[in-house]
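Chain lettering (A, B, C, D and E) follows the sequence in which the chains are written, and residue indices restart at 1 in each chain.
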């Protein structure tokens, strides 16, 4: 049967845990289903498609013009699936007296122009930035959205989880992670705080964990999550994609703190 | 008397070091020849060249002709394994295999497709005066034997193959006087069938066992001749000084 | 078996050994080729001088920066920190085991060292996250213990068994007669150890240290997990550092193949390769200098 | 007077050495205590025999255990014959000239080459070049390459320890070179070679960096494996659980359990090496 | 004649193996005493016990009293380093340090805070008849010397310290007759100042150099006495068989 053929799924770290849960649930329905899931980042997923090392690429960003060109050159046909919506949350330590932040200030913080919390809050602590490695999809997403270069003092953590760990322990830390990572982790919420984002200084503050706002696309750092599938592999992958869109799949996505497609 | 083994114009060097210089020597059948000379003069080197042990040293350069019954030992058609089967060797340092005593004797026999029953082993060990000491421990690792026993085992191993020539490099250096005496008896006994060349530091030993003695010095043969003549009426002053300037 | 058969088997195996031997050497040689080939591709885009002396590593910026100096300095810092801990401890322990410990103690200590050596680097890295990191943060009153010191401590633990076993072997291999000779002229145990045994074992000990250095420079998982990975010029042992190996491990996962950034990672690997090579060649040089005293 | 001073220095000298030894032991105790005390809590038959569940926050680690076992077997299959043959070639056949000396030095250096570089090479050669894809095969070969220099050097050392007089003994009774190697050289060096092999494999089993890009996967939903598929491995699993997983606190106990199993696996391999060395040494004397 | 060195009721065992049994022996000042006996009878073991070399073997058990000029060598107040400085030792196997020839001589001098200038080194090497052969290569690693040269270097190293007693364990076993003769001359010369104990397998050597000879067998002293008497009028049959049943 085609489903017993092994499927390779690679890509965004943001989506990898979700994919694992989906695969696990699907295996219960179809015990022959055979999948290998890896993280590594959106870029890895997409290049793996190009190199024939994956059937599905999870990506937290759209294809770049360059990548589209590469697919064309290699005559590789792919199909795009948007299967969830993600919001990037900015987190600080629970004790930091800061609830919301506007884009301009956030940009200054992350680019290293502001170096001490005293410039925007009442505490005198140096700002510690917990970021992702430069080639991560989330990293480039935030960078592009804010149109800044990250401070070179930013720590580069190898995953969302490490960022949360870092900020948890660091009163002066700020970091960014997929909203899903914090929304449903009761341990995390004890120690960290999710900042509300204002697009302008006067604008309304929006939380990334507010489903209503996300649905209305009000949160500034929100983005669709993609799955790119090799057309040649579509047949063996299709049942899984169907499953994602079905009732169980959708509930898993929600339970993970991501949002459904309108 | 028939010449069994000979070297003509033999030169050996290791790297840039000349160790043997234009050696001409021959060993007669059924005789015992002793090689004497001060330490480092090249006795072992000469002996080892006959069964092509220098093939192992990459930097050894050998020129000249070595012959066994007219067979060119280093000829391109000559098979080194056959040469070594015909020329047995007992080394300066005892080197038993890390096998049982029994297997030490049979190894060479098996390799060469010779009979290797228990009686063959017993015979070889008896010839080397070792049988009585080890007959109940034939399966013991040979490495557990004492130094002197190991040396006799190596002699037994060589003898078992019934070679035509036995080269012995100081076979008694690790032995006490009584075992030494036994080995000397053995040598005298063996020469009826084999041709024997023995390196020794011991002047008395040379006189007791050797028909002919060759005196080497600094890589050259200084003098050779019948043993009694060489010891008692040496032609060279160097020889006289070496054989007399000492013991008893 | 007939002599002819024996001789053909002999020749046959000679070629089997030779061919497999050369094949292995070829494969291992290909590693160097691959490094150089990809590095050349990189240096077609970026000038070597900018690469080696550049103070900024930011390959995904709007104007990508491929300065490797911060990474080299980070690697050096962590390695030297590790060696500062591991060399004295290692040689001390080796000497203790070889010369002072009773046979019973020795039989207990040697397995301990081997167990330490057996622990995979990822486990050490894990402990760096859960034990050493928080420990350093507590003691030094830092927000976060993921820094060069953490990496150095962990690498020292990893390099120690190598240093100890190799050095102990070397010390142990010093012939008993050397020691007897030294005691014979009235030297104490300590004098004998310092002036006869350790010098006689020097080649082995230097080899031990060099192996330790090589291991520390090239260790990936531990530093990846424990040093915080900030691609800055490090300001001290409490700074987060991003070593060369960690850079490769982090970024290779996400770079598109055959891009400048991809080649840049191979270029880092090449530099890393030559750093370890240098350590080894230096070690070799000293070994040869001492070995001539042991030539028989 | 001088006597007392001497005694005090002796004590100080002795103490220095004892202290460093004590510290080294202390390191091991800390490591083991941390892993065993926290890991033992989650270890059970289920933990070892079940696949990961609930997004790897529950269940066991059977899949990575299987992966590590297969990976190590593949490594052994590739590295042992090639490594030993290469060592025999270098030690017994190749003449000792500048060429072989260079080769030998290169091999020594290769055993010092960082494992991540082998990962890069495996990626370039096996995954991309030979089109094995990210797979058990590619990763096994990569680890095999990584192991080769170790196996070659330990095997060469073992061969080198056999004194020439042993070879001469065999040659002198008319053995061919191959017979000498087969009957005298290899048997005498077997303990050394085997010990080196097993230790190298235990090292390979614990390696992470070389499999990062050559075939280790974050998650596999099946326990059956084949050489052209990706796999889970214990060290990679631990790395992922401790740095990449979404609910890092929820999986921490599993991470400890994984660490414990991994350490157990390599310890068993080391014990095997220890046993081999011990029995052979006993037989040799 | 003054007793310089003595052993009373000395027993030595290694593990469960008794090697020396109730040894009582004494060595007189300015005399040469030879220890003879078949291989393995315990000569080296006895010699080594005097400068406490067995301290190195964990399984050695020693009982009895060893005295140097009345000083209990194994007394709790006795410093082993001082004992060894006063009792020089030349080992059965030459054991030069892996240092230069020069450093080999100066090592012990430095350790003991004695003058270690070039002249001291020259003197020591001359006393051991080695100076002429090595004077141009003092910085050469000692391990490159020939076996015999190494042994003489070890003698030079011991002599350099001006010990009161020199213990020599077969110092000539690796030497050619000429060097042997030189060493024997040296021994006879040295005895004017030192007390010398020498182990030898060579009966002639014992007769040439020793004032007194001690015959050991299986860990016991079978007979001792003035050399000429022991060799020519042995009291024990065992002794007679040992000293006569062999070489000319």
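In this text, a contact is a pair of C-beta atoms (placed from the backbone, for glycine too) under 8 Å apart; a residue touches a chain by one contact, two chains touch by 3 or more.
Values in this document were obtained by computation on a predicted structure and should not be read as measured data.
Listed here as common contacts of chain A and chain C: D.
Comparing the CA-atom centres of all chains against that of chain B, the greatest distance is found for A. The pair of chains sharing the greatest count of C-beta contacts is C-D. These two copies of the sequence, chain B and chain E, are related by a rotation of 175 degrees on CA atoms, to the nearest 5.
In terms of their C-alpha centroids, the spacing between chain A and chain E amounts to 83 Å. Centre-to-centre, using mean CA coordinates, chain D is 50 Å away from chain E. Between chain B and chain E the centroid-to-centroid distance comes to 33 Å (mean Cα coordinates, whole Å). Under the contact definition stated at the top, the residues of chain A that touch 2 or more other chains are 39, 51, 157-158, 165. Counting partner chains per residue, chain C shows two or more touched chains at residues 6-7, 129, 188, 225, 253, 257.
Contacts with at least two other chains are made by residues 81-82, 111 of chain B.
Residues of chain B that touch chain C in their complex: 79, 81-82, 111, 113.
Remark: chain B residues 51, 53, 56, 58-59, 80-82, 84-85, 88-89, 91, 93, 95-98, 107-108, 111-112, 141, 143-144, 154, 157-158, 161 touch chain D in the complex.
The part of chain C that touches chain E in the complex is made up of residues 102-103, 175-188, 191, 195-196, 199-200, 292-296.
Chain C contributes residues 1-3, 6-7 to its touches with chain B in the complex. The touching residues of chain A, when paired with chain D in their complex, are 6, 8, 13, 16-17, 19-21, 23-24, 27, 33-39, 48, 51-53, 157-162, 164-165, 180-181, 185, 187-188, 256.
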